[in-house]
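Below, subunit A partners subunit B and then partners subunit C, in two separate complexes.
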Partner chain A sequence: MSKELALELSGIAKSFTGVKVLHEVDMQVKQGEIHGLVGENGAGKSTMMNIIGGVIDKEAGTMKVNGQPYEPKSPLSAADAGIAFVHQELNLFTNLTVAENMFIELFPKKMKAAIDYKQITKSAQDCIDEYELPVNPKDKVEALPAGVRQMVEISKGLMKNAKIMIFDEPTTSLSYREKEKLFKTLADLKKKGITIIYISHILEDVFELCDRITVLRDGNIIGTNKTEEITNNEIIKMMVGREINQVYPEIEKDIRDNVVFDVKHIHYKNKVKDVSLSIKEGEIVGLYGLMGAGRTELVKAVFGAEPMDKGDVYVNGKKIEHVCPEESIKNHVALVTEDRHHEGLLMNKPVKDNLVLVKLVDILKKFGVIDRSKETKFTNEIIKSLRIKVTDPTFQRANGLSGGNQQKVVFGKWVIKQPRVFILDEPTRGVDVGAKFEIYTIIANMAKNGSSVLMVSSEMEELMGTCDRILVMRDGCIVGELQDGDFDQETIAKLAL
Partner chain B sequence: MKNKIQKYRNSLANEFTDNPILPIFILAFAAACIFVPNFVSLYNLKNFLLQSSDVLIIACGITFVVLNGGIDFSVTSTLTLGSVVGAYIMAMSPIAVYPYLSIIVANIVMILLGVMIGCINGFAVTKLKMPSFIATLATQLAFSGVAILFASLVTDKPSIAGLPEPFFALGGSGKFFFLPITISVLVWLFSFWLLRYTNFGRRLYAVGINPKTAYISGVPVKKVIFTIMVLSGMYAGIASILATARNQVGVTSLGDKMFISIIACVIVGGTKISGGFGGVKNTLFGVLFITLLNNTMNLLGVEWYVIMIEQGMLILLAAMSGYWLSNRQNKRMLRAAK
Partner chain C sequence: MGNDKTKTFSKNIMQNAARYGVFIIFGIMFIIFALSNEHFFTVKNIFLILQQASPLGIGVIGMTFVLVLASIDISVGRNMFFAATIIAYMSKVNLLRVDMFEQAWGYILVCLICVAIGIAIGFINGLLYTKFKITPFIVTLATGYILRGFGLMISGSASPNLTLISKLSNGSVANVPYVLIIFIVVAIIFDFVLRKTPFGRHLMAIGNSPESAKKAGIKVERNTVISFMICGGLGALGGILSAGQIGSVPLSFGEGNEFIIISAAVLGGTSLFGGKGNIIPGAVIGIVLITTIMNGLSMVNASPYIYTIVRAFIIFLAVMVDSIEHKGELR
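Up next, the complex of A and B:
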């Protein structure tokens, strides 16, 4: 490994609408290393990377790439300097094919205007072969699962002959197997001398991969350390500014014997095959599975968000006829969806409107008129009890909140209904460590008050920390069940694979 | 005392940011009073309000649809069809000899025609899953054709005249000028109440912003959309009564060119065409502003094609300033949040 610096930042500062998000930040990335960047949501990681990538302008400071002064004016000039960016949100055009996406910035042209499709299909195929992607260059991206899309995006970055690659949360939508493959790819890239900046919430990944780790908190660099010289707890302490001894809340609760939620023989589009499960009062059941195992499809079908092909749902022994969200809600079932931007929240509407949306039907006076005093009362109560950070719920919109607080609003709108069955799909995705703990507390308290919880997650550790029982899904079927006490990462992983 | 003034000032400032067209309307109205001859006359002010009344009713219906993320082109055909069918019942049908009975029957039929077209739109959008843009464009064409066909079957003349005298009260003739104004104010109040205070109104906004979130939150999305299409049709039916009574004849050209005017009212008022933001208060000021412009232009003897140009420019301006305002609002909210 050469001692030269691939990227050097000094005194980088940036404010948004008068608020400083980066305070004169200095950072050095050595050539050929994998450099981890961690920090809570809102710490300034994305801002910093967007400045490097030329997406936004810095206010002060200088940058150097391989010792040369570097002043990106746009993402294109960043690409010219050999910097590639793999974004947190997938930036592919779903209506185009894989090959078209790979060449979207620079199509090889024939006769100056027409796109040379033969050429791009061939180059894309070469690239696909090299990284063993399970795709055809002519496939439309919309038909691909999220994990494969990510791999396409990564190979798109690689094709641009990048010297420095920035990965922003690359594993959030990847399955275990795909993640392993990504890590192998990253290691290969490192061998080829490519410098990698790796941003992630998942500390174990960062420890596994990175040579050095930089911690960012509230727009300041707290420290850069070699991976061998620092522990997981020290990093967490640096990130949150306090020590977290306990990641999962200890809340005493009883599981009663009566079955509250009973699901029988669910079929959904070949993705869910004859699944049955039952949950007792006060029980938290985890549902683990790899990407594409059918977890999200199962919970959506059970709630009625997607119409199931076959199957019955019973709540407290009563069968729900015509399963659809409206009926499920009437029968006290709640669903916190995976995708809070598109399915969980009305992003442009005030927090209050979001919180009472489901509750509205219960607080009506004559002629469907909303009881405004009750509305305010319920909103204020829930904001207080879930500790949602919002100054004026009637005015402040959901998209002005941080990720953790947005997620709490999604929780809030269902908790207000006091559901008997609480279905959660990836409840802590994109949420920082501090807020995660609070969300686990909300879940445990719901169970303590007698709700039955079904929780889908890709984070095995999270399920092991919160659940009483874990079900493992593979290829649309439930293939295993573990009780609290028998939880074991290896067993679960083996079942899921 | 000072506090009270401050409070008034704040609420006025809020009113102005929510309804950017309001201060412009006030300025334009003042200017019209000073500079346009004959504007400040009882006759003209009465005319101004009468002209606004049926436009306001249709615009309220369109506002619902736009808030919900759709569009309803078919209102103009409802206007026309209602006009010829209603006029036929009152002037030429077997019951035309009983003026009061025929007026009642005609009014009911006109409203029901609106409801029926609304139902067809609603069915096409919710059951056949057509975009409202296509569905209502189709019904607009079809029912405009039906109106002309109907008129050609019952009469050779371009219009159906000879309506009973008492019917004209609904158009504000003579001392009854308050009647159509009252009806439109009542319809507006009902719409305002529906949007602001009821569960239905809240659901309408939710569907307009994000139908998927709304559906998962237990909102019967299809039912909401269907109801809105029916409401919009019904409002057009009511407006067709007022417009026919004011014109005193049933004509097939009643709805011509009117649609753009109505859309101009809704957009200039500040309701966003992408759905979810705005309301009938915005539409009220939009209607008053556009009618004011049309009225003064008429008084000044400006040609109709100039009015068309002006309305086109206004829609463009409104869309641009709406974008600018919401940007500014976002920035201010961010600052307030910090």
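Up next, the complex of A and C:
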């Protein structure tokens, strides 16, 4: 029977600094199937994949590829065994060209020394043509947008003619259309008999694509099931270890009539063209659009993180004269960015420092000394109300928290400040199912307490579940507006395309 | 809003000013030097400048390999001192005799000894950095002082003579200094290595993202050690050629060279943040510019104390440009 198995893991264990992250894991991947691997952040998915890929050593257990014992010493031995990885786009080298990135593991050489640039340019061009990528092999990766980078990373994996391909969150920065194309490619690969392991947070995709789904939780395999024999809710239950009945919170709130946030005729470079919008007190407004539609640019411009070319911003009817982050914060506008690693958190600092960062100016005693007792009071309140899982906020660092809890800290930082206008850019990116619900709850509670929320997301369902109104952007303009009750996936997708 | 427009505009000006400002300042200084001394802008002086620039230039080439890894080697000046002291000692105890230098092989032997010493030093630096995870700045600071200590012990705190190889350091063929030829050859070889070989591209990849490089199966530690060996080897070679130009090994020899070398590399477009750097033209232009300023200052009879100040300014400017450009990069 083992002949049918493309990849077989038995008893794989691994610990980092004494903490066990994989407990004797067994997993079997059949030849020619698309095998989904799901689990919350920190469940051990990436550790497992890194062991298969030869990036890190395992402590115990054995692996077999096509029935043959497999002991990878380095990523190169994984490639020799016919295993290819498609990482997230962040694994490309931005200072090198597309062609160089595609061949970085093993450059073809001429005269035993020099890289054969003619050959890599040609092969890269073939690959680019095959997958219709909008790039030139000699383009530097730093000049490419995130979606295109991801496509480069994917075609790099496809180029190797591997027998087993592992896709790690490949869709995080893809647009709807690119994603469709990727899924078609995956189906084609399956027809060719290639085995695929597909790791993703987006369960809808996993259900659409995979033949079997394995769930990993806290370093243990909870189960492997055929896709037909299991439901979305059962998978979620397996992932979080408890039942989640609701995906979106139901919180009663009123939308009052006064407009809190009013934005008029915003222009930013060529990416935002004459956009106006207004949000009432207690209202949650969603902003949907494909990659490159100008969503992120719009919210950055109205907050002042990027200087807008033209336009006015009013908060509570008062015009903000010079739109910049300092002024926005002073007028109780808050922005939570999608890139929490670079912009939102001080990763090396304790949770407490992160939480009170923007509040500091309000809790000063005489001579500008920070009021420690107020600091502690605010921190403890917010940790309690947002249910941030942290044992010691004074010492535990932000980078020691899981993705969901990190995002809560980013939120908490602004919630303490009690903003009137709360702008969120992809608030649940990289956050697992259990934590998503809690984040939606925080957002709804903010609105209930009178804040106005503007929420950018590429997940349509998330917007439909949380917003009172959805605006759709395309090519830098707002092209449609839907009220709660009229929400419809198809209409929104049509507007956005 | 007009206000914001001026802001973006001034930001662009800042970046451009930083990028080209350095070269404009150099241009102005050129003109001042040329106007104040008629001998400055002559073929003879230009060759002199190139001759002076060559030994350190060889060091800059090695340094580029370490800098593209976002690493640094500040032991290189003391490495130069150590290598030159060893050669001087060998000639003092007659291991190297004058008659060996009647033919070319004597010079080649001296160069090879120095390169070997430098490679060994680089190996130790690289090993301490990769195996014990000590910051390269501290590792090379420490090894540098150790080398200096050993050097002073060997020379007995005297300034030994080193006239043996002055023919190589100061001589020329058809007006082209030997050291310049060595410099050019080394530059061409290592430019090829950095630009066209898998090793060179892997260094760039490591400098860009060590984590991803590891995932791509690049031997990060091995390549890092090799880079330090290149830096050490070329540093020592530059050191002996430089000492040969002076004809002795003064006690202060090599002190501060590391900063001239690093700022020359950065001036030529190599980033202290890693992942970016080139030898032709970058490293070559960098060292020639700095040497030209030093040469010009001596031609206008500037006070020797001014030199240090000017050097400091060059380092400051080069690093400032690097930082400003780095911020604008999409990562």
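In this text, the second predicted complex is superposed on the first by the 492 of 497 C-alpha atoms of A that agree within 3 Å, B and C clash if a C-alpha of one lies under 4 Å from a C-alpha of the other, contacts with A are read in each partner's own complex, and residues count from 1 in each chain.
Basically, a residue touches a chain if its C-beta (ideal position, glycine included) is under 8 Å from a C-beta of that chain, and two chains touch if they have at least 3 such contacts.
Note that the coordinates shown come from a computational prediction; the quantities given were computed from them, not determined experimentally.
Once both complexes are superposed on subunit A, the partners subunit B and subunit C clash.
Judged by the touch definition given at the top, the superposed model places A:Leu357 against subunit B, while subunit C stays out of reach.
Applying the stated contact rule after C-alpha superposition, one finds that A:Asn348 touches subunit B and leaves subunit C untouched.
In the superposition on chain A, A:Asn270 contacts neither subunit B nor subunit C. Of the two partner chains placed by the overlay, only subunit B lies in contact with A:Pro325; subunit C stays clear of it. Shared-chain residue A:Gln489: touches no atom of subunit B or subunit C. When the two structures are aligned on the shared chain, A:Thr391 is found in touch with subunit B, with no touch to subunit C. Once the complexes are superposed on chain A, the part of subunit C occupying the same space as subunit B corresponds, among 79-87, 241-249 or 313-321, to 313-321. Once both structures are placed on chain A, no subunit A residue is touched by subunit B and, in the other complex, by subunit C.
Within the complex formed with subunit B, the subunit A residues making contact are 16-19, 303, 305, 325-326, 328-330, 335, 337, 342-349, 353, 357-358, 360-361, 364, 367-370, 391-392, 395-397, 400, 413. For subunit C in complex with subunit A, the residues that touch the partner chain are 1, 3-5, 7-8, 192, 196-198, 201-202, 204-205, 207-209, 212-219, 275-276, 329-331.
Within the complex formed with subunit C, the residues of subunit A that make contact are 50, 53-55, 74-76, 79, 85, 87, 90-96, 100, 104-105, 107, 109, 113-115, 117, 142-143, 307-311, 322-323.
Residue ranges on subunit B touching subunit A, taken from their complex, read 197-200, 202-203, 205-206, 209-210, 212-220, 276-277, 331, 333-338.
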